[in-house]
Amino acid sequence: MAHYKILGKDPYWMNFYGLMLLTLIEVAAVGLDLSDFAASYDTTEKVVTLWILTIIAIPKFIMIAAIFMHLYGDADSKILTLTALFPAFFIIIMVLFIGLTHPDATTGLPDWCRPGTYGL
Amino acid sequence: MSDHDDHHAPQPWGPHDWHHGAPHNSFSPLFLSMGVAISLFGLAAAWDYGTYNPGHIPTILLGLLVVGFSMFIWWRQDISFDGHYDPISTGTPFRGIQVRKVATWVFLMSEMMVFTSLFSTYMRYRLGIENCGTVFERGMFDPVTNPTGWQEGVAVTCFEPASHLIASSWWHLAPGAVNTFALILSSFTVVQALRYAKMPDLDEEARRKKVYRYLASTWCLAVLFLTLKMVEWFVGFYVPEISFIGLHEHDIVSLVDEGYTINADHYQHHSYIDEATGAHMVANIQVSASLFYVTTGTHGAHVAGGIIGLTYMTFKAWKGLYTPANAVSIEYFGLYWHFVDLIWVLVFPFFYLY
Amino acid sequence: MERKTLVTRSMVALILISIAMVVSPAVNSLPTGVGGTGIQSSGCNCHSAVPTATVDITVDGLPEEYNASETYTVTVSFSGGPVESGINSGGFNLWASGGEFSVLDATVESRAPAEVTHTEAGNDYRTWTVEWIAPSHGRDVDFIVHVNSVNGDGANSGDEWNRYDLTVAGSLGPGLDPADPFTVLATLIIISGLLLTITILYGFYRTNPDVFDWEHLAPWIADWLTTTDHKKIGTLYFVQGLFFLGVGGILAMMIRLQLAGPDMGFISQDQYNSFFTLHGTTMIFLAAMPLINGFANWIVPLQIGAPDLALPRINALSFWLQPFAALLIFTGVFSGQGADTGWTGYAPYIVSTGAHTGVTMWVAGQIMLVASSTLTGINFLTTMAVMRAEGMGWMQMPLFTWSILVANLMLFLSIPAFGVGLIQVYLDRTISTAFYDIAAGGDPLLWSHLFWYFGHPEVYVVIVPAFGVISEVLATSARRSIFGYKSMVLAMAGIGIVAFIVYGHHMFTSGMSPNLRFITMLTTMLVAVPTGVKIFNWLKTLHGGSLVYRTHTLWALGFLVTFTLGGISGMFFPSITMDAHLHETYFVVAHFHYVLVGGTVFGFFAAIYYWYPKMTGRMLDEKLGTLHFLTAFVTYNGIFWPMHRLGVIGMPRRTHTYFITTEDFTALPEWAADWNMFISVCAFLFFFSNFILVANMLISLVRGQKAPADPWGGWSFEWMTASPPPTPSFDWNNLPVLKDANEHIANEPSAIGRWFNRLMVPEDQEEVSH
Amino acid sequence: MGLITPLYDDLWNEYVLWSALVGLFTFGWLYHHSFYYTAKEGETPNIDNLEVGVFPKEYDNLKLEFAWFIAPLMLIIYLTFISWAPLDNLWSAASSEDGGHYGNECAAGESSNLMFNDDTGLYEADCYEVFGITGYQWYWEFDCFDLSEDLCAVSTTTIEGKDQPLISLKANTAYLAVMDSNDVTHAPWFVSLGIKEDVLPQQTTTQWVLADNVENFLLLCTEYCGDDHAYMIAGVSVHA
């Protein structure tokens, strides 16, 4: 249970308001025409939207985990946060190895491991 | 003939004697496994590579019945639980925390890996298969000037994100957006239920009402979530005329009716029409549709599982059986429920918006 | 009243299970079922219900006694029945139990090598001629002839038919009918099941010989079906694991029969494919994993001083998911539609319509096993994290408990990937999603990635508990504390981490991203380091010790030999240049059987001899145990050692036969066939040698010496309880406290230690415990 | 043993040597200790005073443990190093500018001159030829593209009583096999050349087929592909 306050108010309510606000921004980011803004940064609207969505997803994620799931402010918060973060390494490995690789023919050793001067 | 417990025979069906450490036999695991096996068997019998054999639907129903029966046994044994023997950790790093709270977190670790697998699949395909929009922009095929272009009538294999349909109009996005708010709201109601159940200086009737109402509203929001999902996938809806905001009467077509299905090997979209010639680009989008339905469907299945748990908890709350002593069991459910909400925070932008 | 309802209800449950058990394997995998028209048994009954005696069949050209391999011209003709009209006059079916028919003209076609029938054109005749090439075996051959006498109106009414049987003698007289492999398999499994039932009944009888009646049996069984006690569930796991170890062994024996010589015809290709698939799946998921869980269930709570697991009912659920999963996995085996994908089930074959229909059920069964493993993982991790006795920090846990901790951590973090892959395949095969539909852009390597992301940690999950067992057994047998406890723990943790980044070495030749292939070549080499540390630590433990030879000591030393050999052969694979040749050969088969049988199974054997007294209160027989060790160890090496050589000279795995060098082509040398025969003989000896263990367990259960609480002189908590331990294993209100023979605990923690303590131990314990 | 290709054999011999050394060391140690440090008949001494319920006295030696952490590490670093150069040969780039060992694709009439260079321990060639392999359930199909009859020819032959495809290649020639599959995953194993690589539907994989010796051998399928997997074979005939 929460034993702290956010801006002097109840943390659950504050968190709830905050989440609603962020979600509204997300929906707006998709709905609004950002192509001019994107053009000024020499990129496409899709990229801008994706960036906004990713950046907003992070605080939302943290707010839910920290306040609703009591990973902040409780006596057991620290150890439970560590527990929750434990799979991070394995998640990164899976994303790198499965999500971000592609099948390919072996047309030579990868460049980064061919210094060119080794040999027996 | 069970031997070592001197004071009572284990009751495999009835309520638990929550005496600490007494063997509490249960038929529930046996029946649950049996039911799951029967359902999976029936499911595989009822569909074979998309061919539907309705004769096997009773098998699935039988399986679900057995599962339901086992849940009933489980709950019957649980409902008398008043929190007095909730086991507490003794091992160093977790000392003092409820054992089942730790178990819930450990369970969430494996859930994280489930969704990571799904997202890895998504990334692999999203990055590995060319986007349909990109293919379309390359223009129509011409043996000399545009050899990589698309041809009228020949399906291109490409990736068509559902967001192309969903984010194309506010009304299409509406069910998903409402769902986002519904889930956040339901996270909030669960945590409120926990707060009031724990509040020590509340009289019993007031607590019963608060907890019961908050849990019931969570239940309603979860059902709303699934309903809107079904509307968005299969049903579609009607938009009335509201003249002062310039809205005209029309129907929002569901994703399936738009042709966005797992069997869509000749998918068409109104934006894939060549302006000069009026030719349609047709696409094979089965992989992207499968990804969309299975990933959001897995999330939906988690919500459905939550509804089953909530049904029991709402009933228990209605009976007034939550007290500050056993309120932490709402927290166990709440952790799961917030986690489902967290996943939606990721699913929504990547499957509905981007 | 209460006992009565209990009995009735348990009976309902039992009946349901029995029905499921009887029905499930018999259910044809959908949508097709057992082939064959049944003409041999039911005749041509579409032409009329019963045969007509007046239709007279003559078969000319067959001798009284045939000469082996000679060709005979056989004429089948008949008279009688309706009047011949010239068109559509009749038809026939000729079946022989041996030899082959060859077709002479267009009136006859062959349905099978030893079965011929008339063609569309042959329908107009009442006489047909074929050639029969007599078999070479010289046994009697049976012929069955069916003829239709047809009136030519195009409909079946008014037609008549008859059947005629004759036997042609061979020089060697009547022979035995060749057994259908399915019949053999089914018979053996049913016999195993019966023996198991008898054993269980006898077990009940021995519990209390005075009341051997239904009134007592029913609640006894109901208690086993509903138990949540960790020791009883452990025993259930053992029963399941040993039973399927036997079933997997039977499958292996049938594979070895087929491979005893080149081109043996004992089992067909189709059957072979399905048998090796089930052998792999059964051994890994239905034998090894339940055995690990059996030991974990029994020993872990005892070793950490906990009365039970953290979530006893979930524990029961993880067990009960397994037998039902096994039913699904074996669905369709006896109708020839069992899974035939290999235990890896590579896409896109696994989702293709060419694969057997039983694959869907096999996938469904494995989905249940994934659920079971996840629940087990949650349960054990929580138990070990939160229920350790006072005084037992992480670094005072017995090594077996540590090994289960590492194994479960690996298992439950990796198995979701497999589960998701399985669900994708299941949906592809049922509702026709397109995850592995290549035409729609699906990527077959995605499955390989998801599978091996799980599959490689999985093989470590199976071996790491054996490490724990060996650490316990060797230290206790040498009467020493284990050498380098901390480095043992770190090595296991290292193996656990490394497991996740090396899986690409299963896919060196698969078309996977070359970058990833290269990275996993480097990381796979790393596996040698922690395993090397462990082996040297074990050896150093013996140093200055005083080895007491008992059966479990023998098995532990045997483990060191075989596991080291398996480890060394494992070093050949990360070198991609060599792997390009060795991948998917018998060298691989030899390697993983050296670590999985020589490692895991030998570890289990050591564990059985080590903990059996604790579990049953009876000592095992040392003489039988030594006999078991000697026979099994020798024959085991006889099976798998020659396989290394076979693999290098070019024998691929997962193949129904192998090719011996001919004048035209270089293939396996002739001695390869001799070695295969040798392997098959050894395999049977190994299979039967394990019955010594079973006999030992059963005999000792009845007549064994009573076991003291600490027969071997170990230090951990399980030796504190009585043999067998009471329920609950420890008193909830009087839990044991671990003392420490070292003094360092009293020392001030270092700066890092203080930081770590602050992080790991909640400061205010009042807050969280209400 | 072995005698597959020099690339493979050199590695194999080195690995077998080290395996034997590690094996001798370990087993020597094991046998010595298991016979030397043995309890007398009927005796159960208690060297470290093991006692139930007491975590035993620590028995360790950081230097030793570190030593046998480092020793295998050194060994595997060495083994990785010797595996590296042959890998570059196995996965050679397809053009000489990118550091390929087999030159560029041969012009008409140009000769490949594949040979094993004992000094570098690698195969080298002036140029290479290209042919195609396609896997079907359950047979192989070869495609010689526009190579001359002498360099590459496809015919059929009888193996174990069945007609199977046969590809004839010329000795001392480097070939690049460009591979594809029609249905499911297969893998052609040139047994006597010690190489294999999966063929995948809708995707192209490649492998270097270094035909150096005159020999007729079998090509087997080594990725399980269904019913007739064991009999999915072809003949390879390397002529002078």
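When the chains are written out, they are named A, B, C and D in that same order, and each has its own residue count from 1.
Just so it is clear, contacts are C-beta pairs under 8 Å (C-beta built on N, C-alpha and C of every residue); 3 or more make two chains touch, one makes a residue touch a chain.
Just so you know, these numbers come straight off a predicted model, no measurement behind them.
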Query raised in the report: When the contacting C-beta pairs are counted for B-C and for A-B, which pair yields the higher total?
Result: B-C
**Report entry** Centrality ranking, top chain (CA atoms only)
**Finding:** C
Query raised in the report: Taking each chain's centre as the mean position of its Cα atoms, how many Å separate chain B from chain C?
Result: 34
**Report entry** Centroid distance [mean C-alpha coordinates] between chain B and chain A, Å
**Finding:** 21
Query - Whole-Å gap separating chain C and chain D, where each centre is the average of the chain's CA atoms - result: 29
Requested in this report: Determine the centre-to-centre distance between chain B and chain D, using the mean Cα coordinates as centres, and give it in whole Å.
Outcome: 46
Report task. At least two other chains touched by the same residue of chain D: list those residues. Result -> 87, 91, 197, 200, 203, 205
Query - chain C residues counted as touching two or more neighbouring chains - result: 392, 413-414, 417, 439, 441, 443, 445-446, 450, 511, 514, 518, 760, 762, 765, 767-768
Requested in this report: List, in ascending order, every residue of chain A touching at least 2 other chains.
Outcome: 75-76, 79, 87, 90, 94, 98, 101-103, 105-109
Query raised in the report: Drawing the touching chains as a network, do you get a line, a ring, a star, a complete graph or other?
Result: other
Query raised in the report: Pairwise, which chains touch?
Result: A-B, A-C, A-D, B-C, C-D
Query raised in the report: Inside the complex, what are the residues of chain A that reach chain D?
Result: 103, 105-109, 114, 116, 118-120
Query raised in the report: How about chain D: which of its residues touch chain A in the complex?
Result: 81-82, 84-85, 87-88, 91-94, 98-100, 120-122, 197, 200, 203-207
Report summary line: Touching chain B in the complex, chain A uses residues 1, 12, 15-16, 19-20, 23, 26-27, 30-31, 46, 49-50, 53-54, 56-57, 60-61, 64-65, 68-70, 75-76, 79-80, 83-84, 86-87, 90-91, 94-95, 98-102
**Report entry** Residue numbers on chain C that touch chain B, as the complex places them
**Finding:** 2-3, 6, 9-10, 13, 16-17, 20, 24, 30-31, 207-208, 216, 219-220, 222-223, 225-229, 307-308, 310-313, 316-317, 319-321, 323-325, 327-328, 331, 353, 357, 360-361, 364-365, 367-368, 371, 374, 377-379, 381-382, 384-390, 392-394, 412-417, 419-421, 423-424, 426-427, 429-435, 437, 439-443, 446, 450, 726-728, 732, 735, 760-762, 765, 767-770
Report summary line: The chain B residues in contact with chain C across the complex are 1-5, 9-13, 20-21, 23-34, 36-38, 40-41, 43-50, 53, 74, 83, 87-100, 102-103, 106-107, 109-111, 113-114, 116-118, 121, 124-125, 128-129, 157-159, 262-263, 265, 284-287, 289-291, 293-294, 298, 324-325, 328
